[in-house]
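Across the two complexes that follow, chain A remains constant while its partner is chain B and subsequently chain C.
Up next is the complex of A and B:
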């Protein structure tokens, strides 16, 4: 059970990291980056001044400038991760779509698997008891409707 | 004058809500002490609770009248209305700002209190005072916020020095100040979806107060039976129906108005409305276990307490300003009041539950892992898992910021508790909840087939093997069709399996009736009609599957690209080509500057249609809105946004194009889902008048075994 919980926690972490800005690999070095590449980077950043709006879809003039800045940084040869680091240093970690896994931020990734692990533990501990065969009188279909339906279908056959 | 009338109605409603709480409590204690006149106190409390509805109707009508007639003397009218707004938007601006939406919330709360008070109380006299207390206390809390913090009837006044301030009545030496025009409604709210989305959501929210009130009443009076659940089943379904409708409409609004290319952004306010839906859905499933088997009594209490607290928490998040969100249209300093109310309610409810813990023990034990009750328990735990992820994701930004205090107090820990606000974006929620949703979908297909008390793998297998084989054919079809996305294949296969299992259940039920001589149509109709709860539930499941297919389509297979086009140039994506034809800029009578592009859409080289993505700039609020050009089919949507353009020559423009596969299945599924909920909540024969029941029972005697079951 413990192993299962660990495995789940690990898979969640991996899933989170797999999609995190850090995991997105640079596909193009130097030259003017395409709008799609800029948007792919901007998708993992949030507008520093708007109300919880991802940078790739934000329509304000400030966000247009920030997207321009991403394009400039990519053209200068920055990797995606360096762009994220640059923005986080300039505007705080709040601009990152996922908090970097350090300090208190670890709690973001640990609390959900811990909670789900507790639920799984609860189920696992009761599993053995519930597996015990029920008394014969109890195994008959308890659902009136289902019982009648089965009888009807059996009679038809 | 009209505003004065509204304010006084509000004030009297507040005083009556307080009186209802006190009178109901006195009635309860007198009854307990065996003193005479107890029921008179309760009846008086009930009358007071009912009066809240007509009084708040007057208050709402007064505000709507002021909005429609553009009485800019009122601060609220100036904030949310303007000359350029059409009549229907002026009226619906009632819920377009903080003060008005709180009043609207209270009016709905009063309406539900009124409706619940009209029910026949003879069998539930002991519960009555506490239902009055809970509903009236909730109403009194919201009216406190309105009267003392967010009064929509405040007026502008100007002193001799020219200073403008707000007050209810004319201060000495001041004159009425009436602005020439108002700021107008937030452009994002000027959408047909926004006219009905908030009321649906609010109705869903307030309706959950009714089952909570009955649950508290059962806890206080020590009733351990399932009466409170049976009484509130339909109230809960109504609440759930409206909350679901609100969420679906909100998704459609986001798709049409936010210009993000999607329907759901895991925004904190979206999640705030989603969390009570999660606990409400878990509750709707687990109450069946209590009704059927006398189990999960503690759990059901906890779920309804959580649902109520999450309803208030959701309202708190939207209105307090603690979180930044595209949906937080109204913010003020009422956060601490909300927080205090949630904490108080939660603590009192848990204390009551603790007090009655012993009397709420299950009547029987779980006997089999594959029984329906244990599968429902797993379903509930999965919902709770999703709730935990959502809740934690929403509150973590607040926690991360607030923790800075610890870092400042203990410098050694400053590197851990930095106080920097973190953002938890969609990728967290999608990665973490994805597997749980898949498990829930699978359970949705299997659990209804399991028997109560005990099932074996063999009995379950017997019920499922035919749909399983057909689902494998579907999977093979997807593979042969060229799909190679493993996650897509797995999730769509689960959807296919659950769909087939559910349809098979309908087919088996109808088959039994056909064998008794009914036509297939009759058999299908009567099958549902005679067992609405079961088959209504199955229809809801079918709706969920369609919604799931839509979500899988857009989440896993969405394509997007962006490019600048000169006139006549084309952008290609997913078999479609988008050709830029022209762009026009013009002003509209309602105060917008519109930049509207004309683009031609081609599929595999053949002309399909013309679309008009545009950007509306609202002069009053200095806000812009991006409205997509949209071509919708069952297969996919072509969703085009106008991103940028050459202002003068219009010789080139930048477009963002999305191809959203299967996204319309979300809306189709929404319709099926709502229809299923209506079927499940439709009154049964035993609730109809006696005369109709007699007729129905004589019909039933002639009917088959299945009908009688």
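Up next is the complex of A and C:
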């Protein structure tokens, strides 16, 4: 009975391992990649024909062909990065959602955080000053006038 | 109340203005290139090197002295299907002369589909992929199909945006260039 229980537990463990994502992935490595995997790669590539449409949601004939090519490359064992490199070499860097960080492309990565940093610094330095009510000469004049008025009123009483 | 402002250093000012100037220059360059229209008649055709699907290398400088028809196409482009037969017929008309060259340039097309297109439409003139879309960009093309006819001096003699609708439309352009030169 004990042995039967052990066997049952072992078979459950095996079944769980067989159904795990890692196991599924390893079985797919040799064959055609899943649509999800193709779309995950396609999401980072842009349609060659329609502007600003990611490849995973594009319905043109060109995009369908490109997704087919991604599937073929993945099935051949290409890594995601190798697929991106292949597409950039074949069709230009414009197809990449994230341009490689080299040359002038660095500006794309540098300018936004730099801009935000400078803006935050500017706001931090000036916000305090803007919040404080400015003591103007007009307030001073108003005070003098009020004091004089009080004095004259007192004198008349 | 007196404000106690810290003076900005000269280096800081120069750096800030320098950065701004550099950014504006970049934007100006980008704008200039994007506002440039398609190549027009009389302009020198850009130099290019095309490696065909069957491995031949075609260099534009080797084509001087010949009339060159450069057709940009894609297998996913419906109008390209329309003109494929006209282009092939025109090529058959000129292929034995030796002073006319037809080149097909597959734009953002997968090799498999390009080769299937070439086979399906019995295209016999040289064809190759536009790797990195460099030739398309150099010719400042705006879509497919687009065809540039280059004269014997390497100048743009004709630009056709959209498909040729007949063989005559192609031969008229080429014959005129062959007669003139």
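Rule of thumb we're sticking to: the second predicted complex is superposed on the first by the 92 of 157 C-alpha atoms of A that agree within 3 Å, B and C clash if a C-alpha of one lies under 4 Å from a C-alpha of the other, contacts with A are read in each partner's own complex, and residues count from 1 in each chain.
The rule we apply is simple: a residue touches a chain if its C-beta (ideal position, glycine included) is under 8 Å from a C-beta of that chain, and two chains touch if they have at least 3 such contacts.
Worth saying up front: this structure is predicted, and the values here are computed from it rather than measured.
*Asks:* Is A:51 touching anything from chain B or chain C once the two structures are fitted on A? First, second, both or neither.
*Replies:* After superposition on chain A, A:51 lies in contact with chain B alone.
*Asks:* Is A:121 touching the first partner chain B, the second partner chain C, both, or neither of them?
*Replies:* The answer is neither, since A:121 touches no partner chain.
*Asks:* Which chain, chain B or chain C, is in touch with more residues of chain A?
*Replies:* In the superposed model, B touches more residues of chain A.
*Asks:* I'd like to know which partner A:101 touches here: chain B for first, chain C for second, both or neither.
*Replies:* In the superposition, A:101 contacts neither chain B nor chain C.
*Asks:* Tell me the contact category for A:89 with respect to chain B and chain C: first, second, both or neither.
*Replies:* After superposing on A, A:89 lies in contact with chain C but is clear of chain B.
*Asks:* Contact-wise, after the overlay, does A:75 reach chain B, chain C, both or neither (first, second, both, neither)?
*Replies:* A:75: touches no partner chain.
*Asks:* Per the contact definition in the header, classify A:66: touching chain B only (first), chain C only (second), both, or neither.
*Replies:* A:66 sits against chain C, while chain B stays out of touch.
*Asks:* Where does A:147 make contact in the superposed view: on chain B (first), on chain C (second), on both, or on neither?
*Replies:* In the superposition, A:147 touches chain B alone.
*Asks:* Intersection of chain A residues contacting chain B with those contacting chain C?
*Replies:* Shared contact residues on chain A: 60, 92-95, 104, 107, 111, 134-135.
*Asks:* Write out the stretch or stretches of chain A touching chain C in their complex.
*Replies:* Spelled out, the residues of chain A in touch with chain C are 48-49, 60-62, 65-66, 68-69, 88-95, 104, 107, 111, 134-135.
*Asks:* Could you list, by residue number, the parts of chain C that touch chain A in their complex?
*Replies:* 1, 23, 26, 74-76, 108-110, 112-113, 129, 131-134, 137
*Asks:* Which chain A residues qualify as touching chain B in the complex?
*Replies:* On the chain A side, the touching residues are 11-12, 15-16, 18-20, 35-36, 39, 44, 46, 51-54, 57, 59-60, 64, 92-99, 103-105, 107-108, 111-112, 115-116, 119, 122-123, 126-127, 129-135, 138-139, 141-149, 151-153, 155-156.
*Asks:* Where on chain B does chain A make contact in their complex?
*Replies:* 258-261, 265, 267-268, 292, 323-326, 328, 366-369, 371, 374, 377-378, 381, 384-385, 388-389, 392-393, 396-397, 399-400, 403, 415-418, 420-428, 430-432, 434-436, 451-454, 508-509, 511-512, 515-516, 531, 534, 560-564, 615, 624, 626, 643-644, 654, 656, 704-706, 708-709
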